[in-house]
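Each in structure tokens, the structures are laid out below.
Same chain, two partners: subunit A is paired with subunit B first, then with subunit C.
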Partner chain A sequence: MCGIAGLHLKDHALRERLGSMVTGMLRGVAERGPDSAGVAIHDPGGLRVRKDVGDPLAFADRIDLAGQTGLRALAHTRMATESAVTAAHCHPFVAGTAPAADGSPAPPGGMPLDGTELCLVHNGSFANHATIRRRLAAAGVTTETDNDSEVAARYLAARLGAGDDLAAALRRLTATFDGFFTLAVTTADSFAVVRDPIGCKPAIIAETDQWVAMVSEYRALLGLPGLADATVFEPEPEEVYLWAS
Partner chain B sequence: MGELTTAVHDPDSADSADSADEVVFDLAVMSTRHVNAALRALPAGARAQVVNPAGRHNLAVGLSRAIRVRIAGPAGYYVGGLGAAADVDVDGPAGWGVGENLMSGTVRVRGAASQSAAASAHGGLVVVEGDASLRAGISLKGGRLAVAGDVGRYCAFLAQAGTILVGGDAGEALGDSLYEAVIYVAGRVRGLGTDARVEDLTDADVAAVRALAADAGFDHVDPQNVTRVASARSLYHFDTAQHAAY
Partner chain C sequence: MSRYEMMSRYEMMSRYEMMSRYEMMSRDDAIDGSPVHHTFGPPVIAGIRERAELGRYPIRGWGARRAVPDFDDLLLLTASASRYPLEGYRERCDTRTVLGARRAARPVVLDIPITIAGMSFGSLSANAKEALGRAASQVGTSTTTGDGGMTPEERSASRTLVYQCLPSRYGFNPVDLRAADAVEIVLGQGAKPGGGGMLLGQKVGARVAGMRTLPEGVDQRSASRHPDWTGPDDLKIKIEEIREATDWQVPVYVKIGATRVDHDVRLAVAAGADVVVVDGMQGGTGATQDAFIEHTGIPTLAAVRLAADALADLGLTGDVGLIISGGVRTGADVAKALALGADAVSLGVAPLIALGCNAPTYRLPAAGEPAGAGAGIEVDVSAEYTALGTAPGHCTHCHTGACPVGITTQDDALAARLDPALGARRVANYLRALAMETTMLARACGKSDVHRLEPEDLVALTVEAAAMARVPLAGTDWIPGR
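Moving on to the complex of A and B:
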């Protein structure tokens, strides 16, 4: 399983409320991923990423998620099926996107966050991540963990570094990666969602004039302001949904 | 069960004459397991309302008596599943597998349904008043599914028996690997799945659609003007020409 949630504010006046909105969304997907949790929050001041093993609700309390401000966020609750339960294996995965001076793809993680990074959360599993990991390594892009989802984050970041826009990179990902996936991705200015060709993993999007939210289950939307008037739909398989500020 | 809340008379209820007998269960203070056990203990003819469902999973599953249950809000996965004889009414959207493995009775969703509505339903009727997403009616085994709006891709995948009525449009790969279930679509069919084909509408089809639309409460479907999709039966019959392959 795994639970994912993403929130993109169109109305920046909600910046102070982002943390409490995301906390409710994380609570709604907590049952889907009881072994670890993580969040990435994009704020004008930069990118904050926190992740840890253990109960997602305790994690949210520990980092005072409800008190965080921001314009865009991802949250993940993990039920590990594919690699170890450690803080390093938690989502969101973060990958630098800036091309190096010589034009080669962005270096792997470990560098300080400068706000230009791509963040990714994943519900599902990739079957051919080892093959793609080797191809990336041959191109100079290395990974920090043996996790399948990290490969997708590195792949997308490398594509952005090579000049693709996010929608093009995600379309390329759906053609390259084999397996089950619902992905939510954020960058300094964008929020995107894509699913595998048969829509194996759940995804629901709700959109108002003020925000757009993507969650694994409807119950994670309850409590969002203005939900009663939101447009709620399930994203079509293989179609890239993208919002940019 | 001490946690049960008592019935409250609702003067706004359309049939308030007998609603004084309605039992109300509040999921804000009771667990899903307690509510389901209490529903299963009700005698035939009873009426119950489940409030504050908040999208919880497995609500009103496994009912086996002719009771009426209203879920007052959004339901999660498998609402009304495995039921026999009961009528379950969801006043909001429903998650995956609404009415899954239904044996008889009715599950009605007054909103949209997520994936795999009426999956493997053996009997009974599942009604979705909004849209249903991917794989509606997957592996249907004799039940009836009526969707007022659109259905997503792979509707009726591997469906073995029963009837599906789509009041709106059907997504790609409709009826893929279909056995003997029959699908009627009032709107557009975006694409047929492997071994599904469009067939001529007979008088029996028109009668079946009229009855199903009436039972579902759909007044926007013209029974004479639907597309019948059924199996070409080329996939599941062994082809003797392929003997050599074995």
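Moving on to the complex of A and C:
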């Protein structure tokens, strides 16, 4: 089980402040996931992904999260459920979405970043990922870890590679995956949130004219500029929330 | 019922009734103070005497008696902290099952993944067939004809009726073929893979004989091999012929008795099957040689995994349906079969028991009373079981036609003991209870659809079951052979 946070800037003038905003959000969800932490930051210059085991706050210091610039970010703190605590098992999971050269639906893991990546953080656990992993493998989509959340990232990437838009892929995911989940997903131009049909794992969204933020706990929003005027709501189960720049 | 309870049931039954020495081998105990001989134990002695007297093999109904690794040797890993269960009743757990959508214009759509297996009119009375048909329609599932063809009662009672095409072709005709909701080409049965059907003379009454164009009262042996094709290449042509005759409307199933399952499933698929039905060695029968029942084929547990793996390897999981049968009794059996990769299960003996098979009494509605409205009439028939040389709870005498509760008979007086409406109610209750148990277990595994159970939800209690089902031995991550 985990803490997750996502931030999407509508006002690009905040680009320099993204790192400090995300640091505050990560701090707010740190207690939910003491095992490891990770961030993915989309900047016009490209995607930066950092993950490591250990205390999330020390991790944020180590990578100078507060000093990072960007337009969109995901952050994750992990309390491992069924798979090991290693850097490879940390979220965000990143999966390429461009069709492979041989025409197979999506490239295998481990490809160099090419700007088509999708990043995913997950709070919850899936109940049928083993079957979906086998189905993906049969279609040539490989996973690098035994982590359930990675399966969701690969699945979404494969759907995008096959021509779905992100909203359609997320709707298909909710119809295909069992278990409890709140997911935050980013691509080079969009940010999306979706929850399982029961809406078991917590999620709060706050939106202003300048930014959209999604967190596991309300307190992780505190300190965001203009929060007092934000629209704050709990996302509905199974509904896809999507913002594109 | 657990296998261990089954063992104690063995203990209770007369040892002379047991034809296999397998059970004896696990016992070092003695009867009346005399040591038991393992090679020539009492059941073996009884079997030799029976053969010496009759000059033929023993024949009986039902499936293998011996204990083989089965679904009781598996356990489900339900949710706790790392996964979450779904709430009963208010959180969705689907049971809808679609079979044969790949090619047929009208696939078979069932409300539950639990179907009634092919049991012939001939082995069963017309009332029993009708009761099964009505029950299946009430719960939204299918029934299957059997050797000897389709009766009008069965067609009208059963909303979804699968029409069998067997080697004998008894009662097989294009009119009934076009009236079916699916066609099942039978290559074999788990009780007697490689063997043909059998209907003893006492069950070949006027109506059965007429439908099969056979003389009345004469023992009937049906073929073990189809007359017009052998092998998958010819089967492909046969399936095309059936598709053309049914205008590509309905799915074509292929049923095999579980032996070389991997090869046979692949060949059934190559021949064009929409659904493969795999019947394990515990599978029931109306009448078969005991040597066949106990000594051929492989357990259902091993068969389901082999079949599911073959379909997965062909990349056809979900596209080609997999129905498993042979010893399915409870919702736990259903859940485990689905977890191992079956799309549905099929039941033979169990719904007969729900109808009243092996009960000491039969029940009829009182005069003027609708079925189920009152207590009705209950008649004790224990003495008739005794006359057959058995007792309620131990009977496997379907082959005799003298069924004390009127299920496996063609005798009008006996058949009248089974009221189709009352029987249907009991079978429908039983099927509903199985579906409830299945969804209960699936929800506890966190699944919103019973078809999302997976092998990773299972562990095995014994090394044998772990090896056959290819799931880890409980408490370890060890799968023998991996």
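The working rule: the second predicted complex is superposed on the first by the 242 of 245 C-alpha atoms of A that agree within 3 Å, B and C clash if a C-alpha of one lies under 4 Å from a C-alpha of the other, contacts with A are read in each partner's own complex, and residues count from 1 in each chain.
We adopt the following convention: contacts are C-beta pairs under 8 Å (C-beta built on N, C-alpha and C of every residue); 3 or more make two chains touch, one makes a residue touch a chain.
These numbers were taken from a predicted model, which means no experiment stands behind them.
With both structures placed on the common chain, the touch criterion links A:245 to neither subunit B nor subunit C. By the touch criterion defined above, A:199 lies against subunit B but remains apart from subunit C after alignment on the C-alpha atoms of chain A.
In the superposition on chain A, A:142 contacts neither subunit B nor subunit C.
Once the two complexes are overlaid on the shared chain, A:179 sits against subunit C while remaining clear of subunit B. Once the two complexes are overlaid on the shared chain, A:232 sits against subunit B while remaining clear of subunit C. Once the two complexes are laid over each other on the shared chain, residue contacts for A:125 go to subunit C alone; subunit B is not touched.
Of the two partner chains placed around the shared chain by superposition, subunit B is the only one that A:222 touches, whereas subunit C remains out of contact. Residues 198 of subunit A are contacted both by subunit B in one complex and by subunit C in the other. Considering their complex, residues 81-82, 125, 127-128, 130-131, 134-135, 138, 178-180, 197-198, 200 of subunit A touch subunit C. Those residues of subunit B that touch subunit A in the complex are listed here as 54-56, 74, 76, 93, 95-96, 112, 114-115, 133-134, 152-154.
By the touch criterion given at the top, residues 79, 81-84, 86, 91-92, 312, 315, 317, 445-449, 452, 454-456 of subunit C touch subunit A in their complex. Subunit A makes touch with subunit B in their complex at residues 28, 198-199, 202, 204, 217-220, 222, 232, 234, 236-237.
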